[in-house]
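Each structure below appears as structure tokens.
Below, chain A partners chain B and then partners chain C, in two separate complexes.
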Partner chain A sequence: MTNHAQPLQETHWAFQPKAIAVAGSILGLVAFWSALPPFTVRSPLVPVLIGVLAIAAGLWAVTRGTRRLGWGAIASGVIGLGLGLLATRSSSGNLHVVFAADLVAQVFVFATPLTFGALGGMVSERSGVVNVGLEGMMLMGAFWGVYGADKGGTWVVGILAALAGGGLFALLHAYWSIHLRANQIVSGMAINFLALGVTGYFFEQLYGNQNIPSGVSTVPNVAIPGIDHMAYLGPAIGDLNLLIWVGVAFVPLSYFILFKTPIGLRVRACGEHPRAADTVGINVYAVRYAAVVVSGMLAALGGAFLSIGFGGGSFTENMTEGRGFIALAAMIFGNWRPFGAWGAALLFGFSTALAYRLPVYSSSAATLFQVLPYVLTLIAVAGVIGRSVPPAADGQPYVKQ
Partner chain B sequence: MADESGSVLELQGITKRYPGIVADDRVDFDLRRGEVHALLGENGAGKSTLMNILYGLTKPDEGEILVGGKHVSFSSAKDAIESGIGMVHQHFMLIPVMTVAENIVLGVEPVRDGVLLDERGAEERVRELSQQFGLAVDPTALVSSITVGQQQRVEILKALYRGAEILILDEPTAVLTPQEAGELFAIVRSLQADGKSIIFITHKLNEVLEIADRITVLRRGKRIDTVSRQGATEEGLARMMVGREVLLRVDKAPASPTDVALEVKDLQVVDERNLEKVRGVSFTVRRGEIVAIAGVDGNGQTELVEAITGLRRIASGTVAVRGREFEGHFTPRMMIDAGIGHIPEDRHRRGLVLEFNLAENIALHDYDRPPDSKRGWLYPARLVQRAARLIKEFDIRGGGPLTLARALSGGNQQKVVVAREVARNPVALIAAQPTRGLDVGAIEYVHRRLVAERDAGRAILLVSLELDEVLSLADRILVMYEGRIVGEHAAGAGEEEIGLEMLGGRKEAA
Partner chain C sequence: MKKSLLVAAAVALLAGLVLAGSGTAAPAKAHATFTAALVSDIGKFNDKGFNEGQLAGLKRAGKQLGIKTLEIQSNSSSDYLPNLTTMVREGANIVSAAGYLLAPTLSTVASQFPNVDFTITDDSVKGADFAKAKSVKNIEGLVYASNQSGCLVGYLAGEMAKAKGGKQVIGAVGGIEIPAVDDYIVGYNYCAKLADPGVKVLVGYSQDFVAQDKCKTVAQDQIGQGSQVEFQVAGGCGIGALNAAAGAGIWGIGVDVDQYSLAKNVLTSALKRIDVGIFTADKQAKSGQFKGGSDLLFDMKNNGVGVGKISPKVPKGFITKMNQLKAKLISGKVKVPVAKGSDLLGLLPGAHVGPTH
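Now for the complex of A and B:
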């Protein structure tokens, strides 16, 4: 079948099920959005119509075999329709509090550590090493980032120190799981506890019981000329932290490296079938070591964002508070793909940001919203919207013959 | 071709020792330009080790490798590839989720714009190669979506893409259907015509005589002899491989079937994906006869056997053992108690617990009843006693009752399964591909044993993908195609006719 499908596929790309499904997903968002500021449509008809359109697009795509994206569009349509309907019935004053333009900025703030973490986890697992140690590597990045910025006098040193800290722990994880062939989950958990201990110890030793002195150099915000004073766009994206933009840039960058370069092909080969890679002369150990170390460095950037990015030059014990694990969930939810992982990170960031604002309506609903990332991850792992498929050799130590 | 100076490859005195065993013992081997040189030997004779050494995956303890007259030393596959050696592994080294082109160029990728993978260029190059050597594959197809035969072509293309002049084919027909094997031989001949030199590893005698120019036989790590195809016979090669006379034809008296032991009626079975795999199969097997089911892999044989032995739920129909009828849901234990013995097609997954010792493996059916256990207590000594008796009776070599099953060779592992199943004195013995992956000596043993059990009055149902095996053992032959029995033949039926039915030929003609 596949042999002869070539000439048939020359329909215009916009009419392919994939494109329709993506359009449906976006329509679902629009259904909700239409009832929110700045549009604040008050008639329930609009979100309902747009939502139905999204569901229809999803169904069309599903019947044509694009199941994962199609079901995504359907879900997006249903949720958008429902939330849009709710929004039209809510007071517009409340709406303006919850859905102010800086919500977007806040979503990015919450999503950025997850983005770095998820991309990091993806790089490692695509090469075949499960990285449960993201949390610990992130924590290392957070602490050494702020330490470097404090002692070095500039945030650049802080970033370098964070990379070194996260990279070092990643190297440890790589040595355990690649060289010693230890159980990778156990090794990752060991990294997490070790990081908790090491950062706690040095925090105590270097800063006593006092906090990090104020005035530590932090990663600057980027004011985009022209946009920073615009209505809506200004508060949304006009003045975001540099690391947020770096995180956003890393998404397409990692996509191109992983899927469009020889290096990416080799990394993926090691994660799918290391022996096959070995037999064509690829050094599986070297590739995996490199991938794990890069993974730790990415996670560390997420940690640095917490301490010297958005965090404004602070550190507390266990500062990451499980964000490494949520990043792991985002990676799984995103099916080990850069844009998928990013989308999941944004979704999780959105639900966290919303949870901060929903007490306007009801504090219990706000708490409930914080559960959303975990529920979504369970759904993704259970395979309701197309099963998440990890790399075939993910977590398996490679033994040369 | 027969010129001595035309050696493209020479192995001199290759020795490789593993703890407790010498895998290769001063083996010499030479390959001439444009020849097909078969490396023949039983499992464990040292063929694979020798080729892994040649392909840089393993380092020899002693010995020299000369490529084109020059001494070389390989420390990885990369070195071997650079010397123009390509290998097609028995278990394909392909990544199912990647395309054919991606698999072929992996490690030596064409690049555009400095850093990007040149996918178009890769596909173009694959197309060129596949035309040049007559290996039809679609470069854009995912490997998971193409047939096993096509996957093998991808493996060959992978080697050719890297500029291989010497191709090692490791047991290349093990996974192929007879038709695909025929296509492979045509490919090998065309590669030969292009001046490629080929090492063809196998333990199948008929293949060697069909394709090879010269044949080197290995036995227990030693090179026994190198002969040219002219004048070589299956019997002679088998003697060299095994080290003694081997009966390639099974000696058996005509069957004298008595009462019906196993009766299957209108059996229908579906698989995990709810696809109909067995579509209304009926047959009987009498005591004292061997009924063989012939067919190409995947035509419902596996599901049929699983249904009869209680391992898979049946959709409808009945299975009767000695007149006792089973329908609906029945368990393996019920079938065992009714008198069915089962030699499963996959002895590692279903036949044995590899991490258990032989005594425990032999007790798998009876561990919970006297004399093995009483009132919930297991008596290990009795397990060991019985195992010791069976090990002797069934000539199981390589270990005692307390040896782990994993430590035994394939042939001896199979003997353990046969011993366990036969020792329970079953009415009907179901043997699913009982000689799969076994070497000549072990095959001979299993065949003789099956005939002996038939003569002892058991009903034998043999399921085999090897037509030769079916023809030499069966008293009656059933041909299975797409879940149905499409033909029935008495012993001595023609190979042609059965072969055609196996491919659904008769249905089309009708």
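Now for the complex of A and C:
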């Protein structure tokens, strides 16, 4: 069938439907962006034209068999056209407030816990263990991170404590779901509630009267020399937290490990067909245990970012506030792939950051804007945009024969 | 027969005497262990501000008035009802509710215990929150003229922005858009413009009083727009705003209690002497002078609101000017506006509604 669709003559890569569809998706973004600072085009014609171009590119790609990417380009074009039109109608003063360069920095801030969580969930589920407990592992990371940084005197100890806390709960999840073959959803939910109770209890016991003291060592920001004082790039990426960069770096790293190394192949084999993996001599249990523990540690890093990264050395009960679940949605939205999950995390981060700024338009709707990321989560999980295919053996305990 | 009757009568008389004796002794004993209680709101007692300040007032009352004190923390809003009744059942003579969040619960609980005194911080018993209450005869509202302390810190903020030059922008981060928060901000805005008529005041709300990262985000938005001073009016959440200001090398302003030492670069704090309020009410109740059904006003005149420690980097001239303004607030020459729907309307002489930015 693929042979049939393949033209005999070799076309240049730039004219392949796939490339056109990707270009269409980008054009959709440009349609919106053209009406925003620093360009701030005021004529509605520009976003409309670019948007139509994006839709046309998408349609062209769809008719040539590139369905998923093509429809993505069409959606991007329609959304870009609509938002672009809206933006040309808005006062440019408000636009400059909402879409200032530091919005990029905030998108990263909100996307980072989701990135860690989504990557963690992906590692676990690629090995065949559903991890609904991300939220709890993230919460453990948040609390033990700040505890370690406080008692250990440095954020490095905090990170180690966070990894230990998240890893420990992940180990528990692994024991329940791999060893005892419990229902993995139930086990994950148990982890979430357990983490809520454990962190709440210790927070009350250790910091009940005083709260976290001020001046706890926190993960430093990375000021990039040369960029940190530049006009647009400076406020955007010139001075981001170290953990944000670590999160960004983990995206290609996890892609490389999962898809380009023998270790990744083994993990994926356990998630797709554990019996086959077993017959070629892979220790399915060991791989799954390792993957789940790594997953918990990644989620814990996301939690540590909340408490001793951006949080500036603070903790509140239930600090993660469902971010673990949004990370799970980002992973599904991203089709269990690193770059997809990261893209979804950035999208959720963008919508959260936007929700803080939109009250410029209507302060009375401020609380309403805060639902934006959750609505987006619903849309993502409901599978409106494309169908996601989980690993074949995801959620199935393996019984060795 | 007669003898035994006599004995019985004597026994009865004796028993009666003993009973009567214990009857008169009981209230005296209860008086000796006069008990004052405090129920926190969901901000909890470790918020380094609003709740912690009130707890300090309760502890001081315990020490100085020689009364027993009880405190109980509300971890969620569903704790308000059980906590208030628990305090009554444990024998509290006066129970203080730490903030307007407890108002709906208090308005139903108070009338069930007519012999116990109740106070509510930051709320008027004559306001909308108690409009549906059966009776407010045993509730006293502790109302603070926070617009006046907001005014003084706003004046300093305006002076600092003017001295710095460039874009004249300052900001305020509120928790939720409610009168108790907006009173501060309206005063801040009004007096910042007295100091620097060209100053722009940015106002944002984090929709939270606990989570620091939310206030940090709102503050960073405002700093991105050129804000030189960030005034936090969001309890524990606002510490994030102070941290954001410290991180960006601009000024932060604390709220409710003196938050000078909580972060770097704290200019000063807008004080609401919530500790004084609790102390005063407990003292009244102990001496039988509790005035249920009315509000106690704490303003600049009776030192119920004020300004905390001021950074040594602030020029002396600014502080002198601020103190002159303070004198005018006390004498009533300058009348600072209040927020729409504020409890101060009709309570604070000359109170009128003003904008937040």
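Quick note on the criterion: the second predicted complex is superposed on the first by the 367 of 401 C-alpha atoms of A that agree within 3 Å, B and C clash if a C-alpha of one lies under 4 Å from a C-alpha of the other, contacts with A are read in each partner's own complex, and residues count from 1 in each chain.
Simple rule for what comes next: a residue touches a chain if its C-beta (ideal position, glycine included) is under 8 Å from a C-beta of that chain, and two chains touch if they have at least 3 such contacts.
Treat the numbers as computed from the prediction; the structure is a model and nothing was measured.
When the two complexes are overlaid on chain A, chain B and chain C sit side by side with no clash. Of the two partner chains placed by superposition, only chain B is touched by A:A277; chain C is not.
When both complexes are overlaid on chain A, the residue A:I332 reaches neither chain B nor chain C. Once the two complexes are overlaid on the shared chain, A:A392 sits against chain B while remaining clear of chain C.
Of the two partner chains, chain C is the only one touched by A:S314; chain B is not. After overlaying the two complexes on the shared chain, residue contacts for A:R266 are found with chain B alone; chain C is out of touch. When the two complexes are overlaid on their common chain A, residue A:A73 makes contact with neither chain B nor chain C. Superposition on chain A places chain B within reach of chain C only down to 40 Å, the least C-alpha distance between them.
Shared contact residues on chain A (touching chain B in one structure, chain C in the other): none found.
Chain contact summary for the complex, chain B toward chain A: residues 52, 55, 57-58, 76-78, 81, 87, 89, 93-98, 102-103, 106-109, 111, 115-117, 138, 140-142, 145-146, 158, 162.
Contact residues on chain A toward chain C in their complex (touch as defined above): 97, 100, 102, 106, 109, 207-211, 214, 221, 235, 306, 310-312, 314, 316-317, 319, 321, 353, 356-357, 359, 363, 366-367, 370. The part of chain C that touches chain A in the complex is made up of residues 45-48, 75, 177, 204-205, 207, 210-213, 216-218, 220-221, 224-225, 236, 239-240, 243, 247, 261-263. The touching residues of chain A, when paired with chain B in their complex, are 1-3, 6, 256, 260-262, 264-266, 268-269, 272-273, 275-283, 392, 400-401.
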